[in-house]
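Going by the order they are written in, the chains are A, B, C, D and E; count residues from 1 in each one.
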Amino acid sequence: MNAIIFSATWGIVMMFSGVFAKSKSTPRWLAIAGIVLLFIVNAIELNNGQPIFFIDAKDMVRINSFNLTFLAVVFGCTLLYFLLCGKDVEKVGEHVGEYFALIFFVLCGVTLVATYNTLLLLFIGIEILSIPLYILTGSDKRNLKSNEAALKYFLMGAFSTGIMLMGIAFIYGANPNASFFINNIDLGTGQLSVMMASGLVFLLISLSFKVSAAPFHFWTPDVYDGAPTVFTSFMATIVKVAAFFAFIRLFENAFGKVHAQWQTLIVVITVATLLIGNITAVFQQSVKRMLAYSSIAQAGFMLLALFALNDRAKEGLVLYSAAYSLATIGIFAILIKMSDYTVEGFNGLGKSQPVLGLTATIFLLSLTGIPLTAGFQSKFYMLLAAVENGHHFWIVIAAVLFAAISAYYYFRVLQAIWFKPVKENVIAAADLTKGFKILLILTAIFIIVLGIYPEILIQWLYH
Amino acid sequence: MDIKAYIALSLTLFSIGIIGVLTRRNAILVFMCVELMLNAVNLLLVAFSKMHAASGIAKASVHYASDAQIFVFFIMVVAAAEVAVGLAIIVMLYRNTHSVDINFLNRLKN
Amino acid sequence: MSNILELAWLIPLLPLIGFLINGLGRKILSKGWVSMVGCGVILASFILSVMVFMQTKNGIVLNTSYFDFINVTSFKIGFEFKIDQLSSLFLLIITGVGFLIHVYSTAYMHDEDNKDFAKYFSYLNLFVFSMLLLVLGGNFVIMFIGWEGVGLCSYLLIGYWFKNKGYTSAANKAFIMNRIGDLGFLLATFWIIKLVGSVNFDVVFSREGLSAITNAPYAVTGITLLLFIGATGKSAQIPLYTWLPDAMAGPTPVSALIHAATMVTAGIYMIARSNVLFSLAGHTQTLITVVGLATALLAASIAIKQNDIKKVLAYSTVSQLGFMFIALGTGNYIAAVFHVLTHAFFKALMFLGSGSVIHAMGGEQDIRKMGGLHPHMKITSITFLIGCLAIAGIPGLSGFFSKDEILAGAYSVHGYGKVLYGITLFAALLTAFYMFRLYFITFTGKFRGTQDQEHHLHESPAAMTIPLVVLAILSIIGGFVGVPEALGGHHELAAFLSPVVKAAEHQLDHNTEYILMGLSTMLVIVSILFAWSKFKNYKGEGEATGFGKVLQNKWYVDELYQSVIIHPLKSLSAFFNNVLEKKGIDGFVNSVGKAVHYSSRQLRLLQSGQVGLYVLLMVIGMLALFIIQLFV
Amino acid sequence: MNIITLIFILLSAMAVGSAVMMLLSKNPVKSILWLIVVFFAISGHYIMLNAQFLAVVNIIVYAGAIMVLFLFVVMLMNLNSTEEPARNMRLQMVGIISGGSLLLILLSSLMKTNKEQLVLMRVGDAGLIKNLGNVLFTNYVLPFEIASVLFLSAMIGAVVIGKKN
Amino acid sequence: MGTFITFPELLMWLPLLAGIVCFFFKKGPAVKSFATAASLVVLAVSVTSLFYADAQFKSYNQVNYVWMKQIGNSLYLGLDSTGRLLTLLTAIAFPVIFIATQKNNYKNPGSFYGLMLLAQAGLMGVFVSMDALVFYFFWELALIPVYFLCSKWGGEKRIQSTFKFFVYTFAGSLLMLAGILYVYMHTPARAYDGGIAAHSFALQSFVNSSLTAPEQNWVFWLFFVAFAIKMPVFPFHTWQPDTYDQSPTSVTMVLSGVMVKMGLFGVIRWLLPVLPEASAHFANIVIILCIIGILYASCIAMVQDNIKKLVAYSSIAHIGLMCAALFSFNELSTQGALIQLFSHGINIIGMWIVVDILERQTGVKNISQLGGVAQKAPVLTIFLVIIALANIALPLTNAFVGEFMMFGGLFSVNPLYALAAGISIILAAVYTLKMIQKAFYGEVVPATSAIKDISFGEKAALFGLVAFIFLFGVMPQPMIDFTKDALKNILAVVQ
């Protein structure tokens, strides 16, 4: 509750900061202050179980330690994102304050989709999440790629909104309780009614779109590629895991009881996502685009949570959110500094910029899922959840095989970093402040700590 | 009126919207087709609300029938916001490329 | 000293110490010291062996285990020695002949570098050690250790001049062929382990052990066959004999020691050791006889046409080993051991004699370039002649008694005994013929070498001639340990060995024996005379044609092996390497990667950049999901 | 066939027909106008369902505001003169087929299994402004407030994207 | 000591810390001596642990910290006799490698030695972990430093071949992870102090898991493929020759001397006890695969010109035999495999040391380009011949004992197995002798004309190995006694 209020308010603050602030960096510092505030109020709510301001939402949002922990992860990652990439936001265009405002609105949407208890707020939350993103995608106005990405994202996003609404309509229609509350949906007994099933599939499709699960992923590579890199980083991490959170929240609370009836769909989607994400990433020459595909691949792994839909899966999802976001933000932060986004651009980074090389290595290892990194733990929790589910064990085997393929493209970057000769002018060294490097190192260390002892995060779920 | 009639109508409109998205190349028209899809949903929601009112199961709630209509109202709100952003994007693109043909957009691929 | 047998472990240990001293000190020790150490340890072993022999002669034997070699709960292999009459006899041969050859080597190898000289002696000592281990071993595993050890030393010594590719190839060939046999030996050992649960000779050859083997199907035949395969490798029988002639690449004393007197008789020793077992395996015995006979004939026929002095001797060795196997196959174990003994004397003698000749000829080994050496090196010539007479089986010399016993044994076989006798006798006649061919071509007639060589012809130094003389004496008198009863003897060897080796079952009556002896003696003399008439004035000969050419080319057996075994194996390996490995398995692995790459390239085409297509694919995906949900 | 059914059929035919026409017309401006007709037909349905508020809002917001905005943009770009190039026919066919099959799949299963459930026509007061307003500002206060965030971001978006620099 | 820190912890932490320290060194010689010293300390610890093997010192050898208690995982380390054997091998291998390759100069020595020690830590971890998840951690962690070592300091085609190796083994180990998870789900649930009932990753729970026979049968392959790739067993071996060829030789020593033992160790520690019925069920298939591999690899070794690949293929053959022996399930062969684990490690490291010296001095790897080394470097040649002969299991060398027992065990399973596998001892002789003949004998060729005999460090390392070869060749009984415990455990499970 705190988070909704503060993120919305701070968005407005940021909106005005652009107008009144003289220095270009003021909005950035304000934003950092805002996210710290957001993190703190959220932490207070997590710790005390009571919000500072109470609004009677008529049970439209439900707040518990689980989604508060998730929000803490999101805000923490955003803080890291601001610290690492804040300066690069300034470089996108004139409207720095507005960019940050939009990001805060997105965070408001994230909070909504993490806490909603009614389909209406899910819908509004998803929209609040999406609309600022359409804008951020197109914020590099002179860049045709950015324009194109914005339009693609917008058109397909609007299309998926339509689908989601159709799903909501069917579910409402099929719900004898005539309610949009997700915990108040009467699924009946035995086989789902056709209308309910159709609604479920519509919702599944639109949420799959949001989390870029195959075959609804097509927007992802183009949009991630076209958007200004600094926003791609945000989209690919925080927004994506939020969508996942919304996804699992809906399907657990509303349709958890009939899990068996839609599990097959998830299996199909999961396998398709793993397949397309991993395989297609192999051929990419641009690291940015490769990361886009890899985000699809990672989504495939996160879908295992939906497949399993048990406690372990939720723990895993939170862990995955943290691990995946941290590593991806880190690798994007390095990528942004590059003049060349191709794999060759990374050539000899380990030699010319050892700190960057080393931290990038840890991020990539984490994304691959090498033990003692957070990436491994999160993947492991997902697999464990899938195994605990007890059905379709083969999907675990498929998942691990695709993980092996993922080593292929992540390690190509690693090879470039360490084993290829140094390329001239790979990086604008002026941008690399000491703080930036220290932050990267801290991130890497945190990834390892999380990899060794994931319970520092998971324990909050049961606080 | 049987609810099936509304479902059929709504789905038909919805599908026409989808077909429009699939077949038109003008970004504005594609967007309009999406709006058509939204309207189909709106109609269906209202119909459902009246259906529930008719079946009377949810009579316990005072506002049982208002929920869906409020929802429709919010859909319109969102649609308006979307239109603002969407048209802005289309205009921006048009300014840069002098075209609103979506097939023209393939700098980003593979 | 209560019992010298308690010190028997010193017998192999001394050569080992000699090996270590010479091997590690090869850079420091002078040739004198090396010789001293090398010969000294063997002499010490010899003395001990003689003392041991005396003990065993009195019927005192020893089975002892020094420590556990392999001890797992289900069974145990000790580091066991078994000293009885049979092993003590072999101890004498090995250390005795070995000592003589060591002494001989000090002179023969004197031109070598200091280091190489030491290396040579260390190898030689190591060989003696291994050979002693082989005969002393109280179970199959310890025997196997020695068995492989002698193979190794043979490899090292054949390849002693390692710069020469041909020599090292010969060494490899020897080792590999031995290994083939060793595999047979090993498998037999495993079989015994499986059935008896022990490898100790006493246990295996006990009534319980034998009944365990005889009760299992095929086991007796199988085990003995496998052991025999082991023997064919070590003792150069068909089909694994071709390494022995090639092994002549090593220094001549090595040929004398390893490839004539000791190592090659290991197979005979092993079968004699296991005689109880072999006596139970009729099929194997028949096979051994056939193989022995075939080897004897084949090798003898090849020897007729060889011109390398050592090759002739080598084939002669193979042939003589064949005789021994005939004896083994006919159950005449005593005769086989007896022939080992006498053969050790005269064949070592002839090898050393040939070494003396080669030494004098400055390394020349081709007898066509020799001739008329008798005047120049009388001791060599005479001792060589004694050797020839002994091997040919002239009565009174050692070879006569042992060979006669084999022939008699063959004759007394039921059924086909006479045929067997006839063929064996023919082989014996060939022996006489080629040996005297060799003698006449080498020592009589005119010298056919270069002037330079003629100028340098000289008798060898005392260190070489003394062993020759000693061996010549032994070749003459050695046979008297086994004078058959028909000639008024008591066959002391048979009596000595009787606790270990059963005497042959069939006994001929004395009249038959006289006839057979007379017949063979007569024919041998005829054969020698024929050789004399043909080769007394040898002047070289033209290119061999027809059958002679086949003989000269050793029946093309090497070529046969090359094309039937080695070449296909190489092709197969090349096929594995080039096709199956690179294109098949690795190709498969790589094609997985390629497939991923390919599908990546294809899948990414879906990402065409066109929103319309994206939405279309989304709708198709939706369709699929709806169909799955609603209709499946 | 009573009058309600008749009106329903008429309105439905109008909606579907106009929607099809919107798809078929080559000129964007005509498409927009056809779409406005669809909206009117839908508003008619709302009235039939006694959702007057929505009917009015639909006309004001959609037909009035949004469509006019579209029209403006089309005029601004002067798109009506340039005809939209024909899409790849095959792709178009695939699009129609897949959209149509989606419709068929859903319709066939929905029509087959659902038992008859009637819709309340022309009665009920839930759709009146008073009632809706009451609910909107009590139960739905959170979404209502949050919707402002949506508009704020749309506004910022228009500024960020639309402003020339 | 026991309560403060235990042997398994020491063995794991020491190299880890030393490895991290190494990264901060700048100068080559300093880091060399530091790494050597560190590895010697580890060796000392490992040797000391041998004296504390009795049951009364249990607290010295076992430690169990709860780690992730919600999923029932704990940092459960322990030294049993198999573990002790292999940690000892690891502890011996590294100082020997460091000493023997002292003459090699690597770029970025700090990173090189650091990664080497990290690899050692990983290996130690694999051998001491008693918890499946911890085992998996270390299993992967041992791989990562090796990946970097090979890719950074290897030969021309290092990146591709190492990457193949990495993906190959990574895929295998991920399959194992799937298997671990599956077994985990079938372990008896246990209550934690927190009251959360969870399954457990502990070895004991795995052994007591309630898998039905059909489940075991396919879980078996998940594990086995991972182990088979690591060993490697035909037909999962194709990463190996290329990797051995392309990696820096000191890494190859680690790979072939110690790392491949991870696979065999996995079979001993995890596969046989956890899936006994399936192991028995598939024993014949595994043995046949192994035997095919033995003959196949031996054949290929015969026609190999590249000396590193030759040794690589010979290693495949040897490992295949060990694997076959482990699946023979009788005392003799299992015992043989256990001691051969160790002996093979020693011999193959010795082999690589010689190859390394040759390669460094001549710059060629092809046998056909070598010749006459024996004249130039007699001492090296003597060592090589001894090691090569040990490699082909000549009696009185350590390998003979193991191979003899393994063949004996195989024979009692099926004589044909022993015959088929036995052919390899002939083939081994063929390719080994051919290699010696062509590379070491004969006349000196240009490539070898400048070769020098070995240095003191190399001599010391090789002498140590050779001493070991003979010591345990003549008196193998101490080693047999040492591994008897492990043997009992293995056989008990299988029966």
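Note that a residue touches a chain if its C-beta (ideal position, glycine included) is under 8 Å from a C-beta of that chain, and two chains touch if they have at least 3 such contacts.
Predicted model, so just to flag it, every value in this text is computed and none were measured.
Minimum number of contact steps separating subunit C from subunit E: 1.
Placing every chain at the mean of its C-alpha atoms, the farthest one from subunit A is found to be C. Taking the mean Cα position of each chain as its centre, D sits at the greatest distance from subunit E.
Across the structure, the highest number of inter-chain C-beta contacts is found for B-D. The chain closest to the protein's centre is E, with centres computed as averages of CA atoms. Each chain gets a centre from the mean of its Cα atoms; for subunit B and subunit C, those two points are 96 Å apart. Centre-to-centre, using mean CA coordinates, subunit C is 102 Å away from subunit D.
Averaging C-alpha coordinates per chain places the centre of subunit B 65 Å away from that of subunit E.
Inter-chain centre distance (subunit A to subunit C, centres taken as mean C-alpha positions): 78 Å. For subunit D, the set of residues that touch two or more other chains comprises 87, 94-95, 98-99, 102, 106, 109-110, 114, 139-140, 143, 147, 150, 153-154, 157, 161. Residues of subunit E in contact with at least two other chains: 167. In subunit C, the residues touching two or more other chains are 593, 604, 607, 609, 611-613, 615-616, 619-620, 622, 626, 630. Touching chain pairs in this entry, ordered by label, are A-B, A-C, A-D, A-E, B-C, B-D, C-D, C-E. On subunit D, the positions that touch subunit B within their shared complex are 4-5, 8, 12, 15-16, 19-20, 22-23, 28, 31-32, 35, 38-39, 42, 45-46, 49-51, 53-54, 57-58, 61-62, 65-66, 69-70, 73-74, 76-77, 79, 84-85, 87, 92, 94-96, 98-100, 102-103, 106-107, 110-111, 114, 116-121, 124, 126-127, 131-132, 134-136, 139-140, 143, 147, 150-151, 153-155, 157-158, 161-162. The residues of subunit C lying in touch with subunit A in their complex are 593, 596-597, 599-601, 603-604, 606-607, 609, 611, 613-615, 617-618, 620-622, 624-626, 628-630, 632.
Residues 106, 109-110, 112-114, 138-143, 146-147, 149-150, 152-154, 156-157, 159-161, 163, 165 of subunit D are the ones that touch subunit A when the two sit in their complex. For subunit A in complex with subunit C, the touching residues are 151-152, 155-156, 159, 163, 194, 197-198, 200-201, 204-205, 209, 214-216, 218-219, 221-222, 262, 264-265, 268-269, 276, 279-284, 405, 408. On the subunit C side of its complex with subunit B, the touching residues are 604-605, 607-612, 615-616, 619.
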